[in-house]
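Each of the next two complexes has chain A plus one more chain, namely chain B in the first and chain C in the second.
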Partner chain A sequence: MPERPEPKAKAGVIKVGAKLIGWATDAKLREKGASGGLVTALLAAALKKGLVDKVLTLKKISEFEAVPVLTSEVEEVLQSGGSMHSVPVNLARYLPEGIGEQRIALPAKPCDARAVIERAKRNAVDLEKTFLIGLNCGGSIHPETTRKMLKTVYRLDPEEISGEEIVKGKLIFFTKDGKEHAISIDELEEKGLGRRENCRYCSVKIPINADLACGNWGVTGAFAGQGTFVEVRTEKGAKLLRNALEAGFAKVEPAEEKGIRVREKINRIMLKLSEKNRQEIFSPIEAKQGPERLKYFQKALENCIHCGACKAVCPVCTCGEDSKCTSYTSREDSYKISLFHLVRFLHLSDSCLGCGQCEDVCPAEIPLTRLYQCFATPVREAFDYMPGMSAQTPPYFALKLEKECGCQHHGLEKAGLEESSCAKEPEREGKREGQRQGQGGCC
Partner chain B sequence: MIEEKVYSSICPGCGLGCGLYIREKVEPTGDKTKPELSVDFRKNAPVNAGKLCRFGMNLPIYYGKIPNSKVKGKKSSLKEAVAAAAKALKAASKENMAFLSVGMSTNEEQLAFSALAKTFSCPVETGMEIYAAFPETVHKALGYGTGLEEIEASKQVFLFIDPYVSYPLVLRRVLKAKRKGAKVTAVGPKSLPLADENLSLEPAEYGKSLAPTQASILLSDLHPYSDPTQIKAILELAETSGAKLLFLRPFVNSKGATRLAKHTKQRSFEKLLKALEAGEIKTLFCLDSDLSELSLDPKRVKKALSNLDTLIVQASRSSPLTEFADIVIGAEPFYQKKGSVLNAEGRLLKTGGDSILGFKALAELAKALGKEGLDFAQVQKKAFSSFGLSETDEFKPEKAKPISCGNFELRAGFEKKEKPKNTKKEEQTQKAHFSYNFTPFMWQGLEDDCNFVELNIRLVQKLGLSKGGSLNLKTPDGETQMRFKVSALAEGVVLSEKKIKGLVLPRDEVELSR
Partner chain C sequence: MDPSNKNPAPGLSWEPKIVMFCCNWCSYAGADGAGIGRFQQSPSMRIIRVMCSSRVDPVHVFNAFLEGADAVLITGCHLGDCHYINGNEKTLVKFKFMQMLLKELGLEEERLQLNWISASEGEKFASVVNEATEKIRKLGPSPLKPEGVI
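After this line comes the complex of A and B, so read on.
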């Protein structure tokens, strides 16, 4: 990788709202990193300089496997660079439970960041002490699917893979002989392979709910492929960046206008595609009404073996052992749908993120995320509330829906969380639109 | 500071050996025998893609406490326990000794245990008497394996197991086959939701009622209570049709242990119990095999074990036997072990840890009894070569082989027990055939949420049972009250996932009343 020119930008450009291109000063980190190695540099610098006590990151085991580790070793963080699209993990569950003393930084895809925020609302995480370095996300792939794609579509031995990346809608695998093998994700998905189903309709692509939003969209010109686009979302995010610059771990440049526009455009296209996929997947289910819909749910759940994995893995469920879904359920019952599921569908209807973890681990191959989303989407639409996007808004089932104008803010006022009336609504509506597009402020 | 260690391990709950991570937290000042454990999903594991059944999810409870070494009921060091075991073994008479290891330890430990048993010219018992029921020419076929992927590729799946409760990680493979158009036939007393047809058949009817082809797969299991007549019928079905056959196994290293053992000398748990009761065994050495957990009658086992002069137990987790034994060699828990197991598909899997404490204890013992130089690497190599493999590779299951056993006669079948005597008036009682639906919980002695028997609705109506109530089960050994669940079962069948006193053999007859 060529040496870079001295950046024109100094720490002064780092403020909330700034859009920058950053990179790790260490060439090896840049080499290992997904785009500019900036995320790893930020994490390592935060640990080194004592901004945080620990970093939650992924320890790579193989091309398709990595395990989340909570570490205080800078060296371990430095080893963790690179994006692993075949590691569909949600990191929120790995943060220590409860409000502790430790300050922790972690990389966070939108679903990771949203889960952390939902956990914070339930006092399972202290958001003040958690530094979320957001990663844009176009989707992740289950490693079992990756191996299958390699064997049946790419015709490659999974053991021969030395790396992978996603560029311009193509999933590219690099083999140990130095060759590149690219196939479009659309083509893979037509074959029932590619990204996990929930990722195809995921409605947050840029983690504007994190302290920083990092990605490779909008990295243009000389930096293409070698820099990380970073948007500063909070003061905590600015602190992380300044710290890395001061420690000499990273450098930044203001992003070019063209890059900013490209990023916005790709995001819009991705969200549109997500919406299209959502319609395709959910319209046939929504078309079923009454007994037909009940039958759909019964059939979908008939193979449940009551392992409890869907509950254990769910990053927004903080109920622990003594939970309503388990205490109302007995294997002695012969109900077609167990109360375990019914309670959970309702319980998570205001907080399910559609992160897909439940479905990933279900040994009965039940399309669980779809089922949860069938309950969560109407709630989301009724309250115009996207779980995990803001720490300020509590889960909606904690509030009463006000009838007068149908706006959620009356509910918030009643709960003492907002002071003014719904005259604010047009302004908020604008912000919410921005939030949907991944552009700006959220409610 | 609490440190966390992550083990990329496998589930010891059944012969599939599903991949998972065990996260272990140990406080520097905390109780070392009770680390805080949690299970995490290893999505890259080829056996199970990170998915686990209820047993796998309950592993932190299963692992519970690491046993302390003990000599005569008193806590000791491992070294002292090994020395005491060596002394006891030297003093014992080889005529009334027995060594039991059913396959819950690594191949390396199994071979070291065999070497130790050999110094007394004793075999290692695996409880698999079923092998003794078959001529040796058939043993090879009983040992064949094939990858779970073969299920997905089949056009027709014949289930002789209930994958919802036994070997649950097979279920998703059958569902995937079905999604690709395969027909699923379940042979057994219970109607399975995923089956296209459910047939309750006697083994003698398999030949004329089932018509598998070369594109079919037959899924059955081999365990210490398997019915040889049924296994023979399944082998014949596979041979005549050319269908693929996979025998699942109850213990993580059932297959490795069986291959490393001498099949012909195996006794059933029932025969072992009888020998213990008759005082024919005076010294028993159990390697990760708690007879009271494995037996369907734990109380009887406890009584029978009191006839022993010496009970030596090498164990990786605390269990009733570690409380009861004269000498306990406390080894590391399974997930900490370095070593290998051969799963039911024939994948040679790593256990995932880095400790060989248990192996070393066995090697020390063998040395004390004259078998020098058991080196871990060499023993491992020997185990691998006896499987025809050179290294562990979780991505390589065995390739399916055609079954070719020819005509043969069984050497033994099931003993039928006497029927219970009818005491209540005829109209108040109903007779039914009793069957166990074996689950990992049953084999591993872990409590499950299954305090009920299953009956079909007609039997419930005939007995006049009320919802939420219980029923009386009269067995050859006495009466038991049980709660019940209404299930889609064949006529006249009672099914249980919980051990019931006195009900040992499949298809025992029981008397039911309100």
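After this line comes the complex of A and C, so read on.
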């Protein structure tokens, strides 16, 4: 490992909007964690200094398996470091149910962070007590696909793998004998392997909705491969970073102009590619109209065995065990299309993140994320609402009970349901007033 | 009607079957008014009385379609006149979402309608019923209708 320059930056540079390069001070951590081990250091420092009570992270079982753990042991957090593209789990679902006293920090891909924010809107998570350390994400791979790729394309024994990394569009596997095996992701995807389908058209690659946005894009010069680019997004994020610096777990340096530009460029390229993939995947479905379209959905769902796994893993579903989609559905129903899925389509139309969890667990291999996105895309466009990116109320709940401008239709206008009706308000208000008085008189 | 009978006897051919949700305070009274006023209306409606149009859950609408309704009409008090202050505004939000979903699913937009009918609008009630029936007759049976159900 090359000698590092002594960082000139002090805690003072850490403020909202700052773009820095950071790394863990502990050499072992740098080696274990990806890109300088900053994220692991942040989590460990937060736990050690009591900034958070628990950390939610992934505990590695093998290269392709990991389980989410909620831990208060610093040692366990240090063990969790490292890149894991083949464990596409959404951590949001594993945050403790309900709003509790615990403060929790978790590493979050953009879809994890979006899910946590959507759960917070549904009162299932307290965002004030949740620290989101965002991780750049170009996509993840289903563990089954990884094994298949290793056997058929890389010609490697899955048990011989000691690590993996995605660098410059190439998926690299490290084997236990110390060799590197790299193949470009585009090449893999042409063969129907590579990233999960929803990752290919995902439109959030840098988690700007999290408290910190970390990643290896834009790490230039002496730091290449040895540091993490971190953008401070919120005051909470600044607190996390300052805490790690004060605890001596991490060091930071302001990012170079060049690095910032590189990071933006990578993001732009990725998003452009996503848009292209989205077009490719959805235009055949969009071309179908009327009865043909209905047939497409019926056909896609015909193998459903109603196991409910898609709902059980859905990170934005906060309905719990007894929910509308399951309670009114019976396995004996012989409807043309399942009521369970109709309710799910409606519920997800303003909240589906496209995280792909449902598709991953479906035993009947139904492309559920694609179906949900068919319903979510028009809503997103009509209401200009991207779930999980801000605290904005979901359009389905957008109706405000309190009057903001003395106009009862304010909420509807905001939701795009009604033309502006403020002009005719005084008359209506008068009418209502009169009605109320009349009612009072007769009772 | 025997559900296994796919070729009904003449005279038992398909007629639109429309499930109509009426709010207790306005639209249901409007239906009463239409009857008292002896306005001619098509017998295609199956009226379900609810306390407020916002009581109509998407599950009710989906279930109506899956059980064989050709269309679903939701009716309530005019905006601003809701007995429960703003129940019908919530209906409007729900309706918008259900409409978008059915459109995406490939169903014709006319199969789900929302109308505001007050207690005094018996004539409007009858004309809404007649117009909806005519529209649905032109569209034909719903593609979600189970096999063997007329």
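Quick note on the criterion: the second predicted complex is superposed on the first by the 390 of 443 C-alpha atoms of A that agree within 3 Å, B and C clash if a C-alpha of one lies under 4 Å from a C-alpha of the other, contacts with A are read in each partner's own complex, and residues count from 1 in each chain.
One rule holds for everything that comes next: contacts are C-beta pairs under 8 Å (C-beta built on N, C-alpha and C of every residue); 3 or more make two chains touch, one makes a residue touch a chain.
Note that the structure is predicted; figures quoted are calculated from it, not measured.
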item	value
Contacts of A:Val67 with chain B and chain C, given as first, second, both or neither	first
Which of chain B and chain C A:Cys374 touches, first, second, both or neither	second
Partner chain in contact with A:Ile269 - chain B first, chain C second, else both or neither	neither
Which of chain B and chain C A:Ser334 touches, first, second, both or neither	both
Chain B versus chain C as contact partner of A:Val167, first or second or both or neither	neither
Which superposed partner A:Val313 touches (first chain B, second chain C, both, neither)	first
First (chain B), second (chain C), both or neither touched by A:Pro143	first
First, second, both or neither for A:Ala222, with chain B first and chain C second	neither
Doubly contacted residues of chain A, that is, touched by chain B and again by chain C	333-334
Complex interface listing, chain A residues touching chain C	288-297, 324, 328, 333-337, 339, 342-343, 345-346, 349-350, 374-375, 378-379, 382, 395-396, 398-399, 401, 408-409, 411-412, 415, 417-418, 428, 431-432, 435
Chain A contact footprint on chain C (complex, rising order)	57-59, 62-63, 66, 79-81, 86, 89-90, 92-94, 96-98, 100-101, 103-108, 143-146
In the complex with chain B, residue positions of chain A that touch it	61-62, 64-65, 67, 69-70, 86-89, 142-144, 147, 158-159, 302-303, 305-309, 312-313, 330-334, 360-365
Interface residues, chain B side, partner chain A - complex	4, 6, 8, 21, 39-44, 46, 48-54, 56-57, 164-165, 168-169, 171-172, 175-176, 193-194, 395, 449-452, 483-487
